[in-house]
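Listed below are the structures to be examined.
What follows is chain A paired twice: with chain B in the first complex and chain C in the second.
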Partner chain A sequence: MNLRDAFFVVFSFLAIFGAFLTVTRRHPMYSALSLILFFGAISGVMMVLAAPFLALMQLMVYAGAILVLFLFVIMLLSLKESELGGERPWPLKLLAGIGSTVLFGLLAAAILRAPFSPAPPVPGTFGSPDAVGTVMFSEFVLPFEVVSVLILAATMGAVILAKRHLDRPAPQADPPGGGHHG
Partner chain B sequence: MMTLHNCLLLSALLFATGVYGVVARRNVLIMLMSIELMLNGVNVAFVALARYYPRGSDAPAGHVFVLLTMAVAAAEAAVGLAIVLAWFRHRKTTDTDEMRSMRW
Partner chain C sequence: MPVSAHDLFLLSPILILLAGAALAVMADLFTPTRDAGLLPFISLGSLAAAAFVLAGLWGRPESAFGGALRVDGVAVFAGLTVVAATALSVLMSASYTRAAGVDFGEYHALMLTAGSGALLLTQAGDLMSAFLGIEVLSIPVYCLVAITRDREKSVEAAVKYFILGAFATGFLLFGVALLYGAVISQPTAASTSAQAALLSLESVGRVPFDNPLLLAGLGMFLIGTGFKIGAVPFHGWVPDAYEGAPAPVTGFMAAVVKVAAFTFLLRAGMVAFPSLGATWGAVLFLIAAATMIVGNVFALAQTNLKRLLAYSSIGHTGYVLVGVIVSSENPSSGSSVLFYLAAYAVTTVGSFGLISLLARPGDELETISSFSGLAARRPGAAAAMTLFMASLAGIPPTAGFMGKFVVFREAIEHASGPSPDASRFLWLAVIGIGTSMIAAYYYLKIVVAMYMKPAEKGEEHPVGADAWGAGLALTLTAAGTLLLGVFPQPVIEWSARALAELLN
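Right after this comes the complex of A and B.
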């Protein structure tokens, strides 16, 4: 077992551990903190799998943007025990566990049956920003543009959802001396 | 050992964990996080297949898919959390079983 395998094993177990913690914690704050471990471990797995650019993007986009968004919302809500909602009864949880285990078993059976070839050697520039960008802006330029439309739609949707009063236009200028209480 | 089998098994296990989180939990924030778990599991599969079956020299198509998935995940998280905020402002709960009026 060389160093690459050792790193893969360590990062894999960290990712699995973080994922299990995420789905089992009672309070979303603990789940979000476990998600940090998960995203970091996935970034390490990507690094071992010769994808350095994606590993950095994983840290920047997931750990840097999405997770901060989650933490921000959780802190903004500052949930009390009554607002956390109930838990499903344990028979249902057991059933869900059995169901997801069966799903994993089916996927594992299909994976283990497939005859995969061993890893071919790849050049050192594999997965570099240069290589990924060249493919993205030549062959996959149409999906890239579609994603920009999607992000625009998501931004507008989030703004509209976050506005308090849709029927009332936003105040352009507050009258002097009087604060606006929206 | 880092083989394609083990990478795909890791991916499947993370996906199944995410499915469990969506099905077994009632807190909407944890359900959104479980969706992120599933998306990350799929990303691992993309990266592993791009590593083990490179087409050509250094043209990783799987990496581009992962980037697109990340963009979709970010958009999904933004809209989902906006919905959670708007709902919490009115009903003071994050329990999905109490969100039945959103079904229509």
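Right after this comes the complex of A and C.
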């Protein structure tokens, strides 16, 4: 086992550990913090797999921006112990455990038994910002632009749902939404 | 691979809808009186333009962006169904959104964006466009479900739909990743120069069907799409989401989301998983049978009309699945799926449109008992509703009858086919016809309430607005339901031609 493999194993186990903590912690704050561990470890895995650009983006976007938003929202809500809901009943926990173990087993079996042909050597620039950018704006320009539409639609939806006042001067006399009296 | 002008031309129906969406948002800002009356016309205008361009692409199967988009007959047929259903939903929304105080440009923009996602999904030639199409379709719909945010039900429905939808997306994306893994693990993958070609449905179709990665990916893929079409056992969100969403949005969900998702399923089944029916036939059989039975049996007990129609839509998912299963072994049967989708879309948009027409601000006429005596209060609406219920039940001479007829005819014809498991098709047809008989009971319950029961106390007055938009939409859907039932031949021929282009 060379150094690269060793790093891969360490980061992988950290990722699994982080993911496990994320779903098992009852307090959302601990879940979110465990998720940071997971994102960091996944970023390490990407680094080992010669995808430095993806690794950096993973850290900046997920561990950086999105998780900070998560934590911000959780702190804003500042849930009390009583609002967290009780412990889940054990049959449910057991069922979830069995379900995920079976899924894991199936996936592991599929991946272990897959007939992989040896991967072709990749060029030295593989995974660099330069290479990713070139592919993204040439071969994958359609998906790239569609994602921007997706983000725009999500933003639009979030604004309209979260805006405090929907102050449209109503053309008719009825106040919006409350005009019904029998 | 540079983008050519021709690629953009083939993409233009989607671009036109997005331009309409942008215009709808900006109209809100720049019209001095902020009068929302203009908005439906912007939406309808862009939908009409998109339909015009789509219709012009009929008969010339082409692919754009290196195979990411397939603008063939199936895409045009399903695309026109999507555009028509979206236009009808827009018409029905006009008075409803005004009464509910949500007649913003964003409402129309979200609906048009969802429509563009549906178009992308019907044209998807590779896994990436399919996934993005599903997301561009789903995310605006989550927001639309919650848009009447003063109604607790609406928000609750949106949260449930969103969380389960996100869960399904996770499965779908994992499935896509595994399918991609199956493709690149092939020895031929190394010699492919274009990265994007490795994602195409054709590349997936060339992987031997016993590849474990392919099987795992297919399983996840089926779970993800099963959620989106509301097939049993992934149907749990459907009744809540359909009940809580504003009625015009429910109609949009039932028609557009189903048409687009099933069109992609049909295409994927034929191009990416050609031996799916022969090997996984038993699983698909169980899913389709359970979907037909659960949807129709649970509908019997419902007293809320929107929940009833939600369970009925689960049942209809089962009927379409019968068509998909038959065509997975006999590709030419796929045209029956296209026809069924068109017939179902017209009818379901009409029935939810009627509920939106009868809605009052903040209060929808939802229970079956509130439809009592509707024939006296609004004879036209009651007649239209009767027609829609007859069509959903599959009573001639309506679109729903012809849809069921073509799907079950294909199933029975191929039941004596060469495949050893072909007798399964006969069983599917038997279950389909049996559950349709059960379904007739609950659809007729509504008709009986409208015509034979007196109105409830305090509910004797005429209800609903006399809105031109909803009235026009109802006239169009009622006419469509009748026309597809009486003169189905041209549409059946178009669906057959559309499918022939996919198969060539």
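Assume the second predicted complex is superposed on the first by the 158 of 182 C-alpha atoms of A that agree within 3 Å, B and C clash if a C-alpha of one lies under 4 Å from a C-alpha of the other, contacts with A are read in each partner's own complex, and residues count from 1 in each chain.
Assume a residue touches a chain if its C-beta (ideal position, glycine included) is under 8 Å from a C-beta of that chain, and two chains touch if they have at least 3 such contacts.
These numbers come from a predicted model, not from an experiment.
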{"item": "Touching partner for A:F70 - first (chain B), second (chain C), both, neither", "value": "first"}
{"item": "Which of chain B and chain C A:L79 touches, first, second, both or neither", "value": "first"}
{"item": "First, second, both or neither for A:L3, with chain B first and chain C second", "value": "neither"}
{"item": "First (chain B), second (chain C), both or neither touched by A:A154", "value": "both"}
{"item": "Contacts of A:A15 with chain B and chain C, given as first, second, both or neither", "value": "first"}
{"item": "Partner chain in contact with A:P115 - chain B first, chain C second, else both or neither", "value": "second"}
{"item": "First (chain B), second (chain C), both or neither touched by A:P143", "value": "both"}
{"item": "More chain A residues in contact [chain B versus chain C]", "value": "B"}
{"item": "Which superposed partner A:V135 touches (first chain B, second chain C, both, neither)", "value": "both"}
{"item": "Set intersection of chain A contacts, chain C complex versus chain B complex", "value": "107, 111, 114, 116-117, 119-120, 135, 139-140, 143, 147, 150, 153-154, 157-158, 161"}
{"item": "Touching residues (chain side chain A, partner chain C) in the complex", "value": "106-107, 109-111, 113-117, 119-120, 135, 138-143, 146-147, 149-150, 152-154, 156-161, 166, 168-172, 174-180, 182"}
{"item": "Residues of chain B touching chain A in the complex", "value": "1-10, 12-21, 23-30, 32-34, 36-37, 40, 43-44, 47-48, 50-54, 57-61, 63-64, 66-68, 70-79, 81-86, 88-89, 92-98"}
{"item": "In the complex, chain A residues that touch chain B", "value": "1, 4-5, 8-9, 12, 15-16, 19-20, 22-23, 25, 28, 31-32, 35, 38-39, 42, 45-46, 48-51, 53-54, 57-58, 61-62, 65-66, 69-70, 73-74, 76-77, 79, 83-88, 92-93, 96-97, 99-101, 103-104, 107-108, 111-112, 114, 116-120, 122-123, 125-128, 131-132, 134-136, 139-140, 143-144, 147, 150-151, 153-155, 157-158, 161-162, 164"}
{"item": "Residues of chain C touching chain A in the complex", "value": "1-3, 11, 18, 25, 34-37, 65-66, 68-69, 98-104, 106-107, 109-110, 113-114, 116, 120, 128-129, 132-133, 135-136, 139-140, 142-144, 146-150, 178, 181-182, 185-187, 189-190, 194-196, 211-213, 215-216, 219, 360-363, 458"}
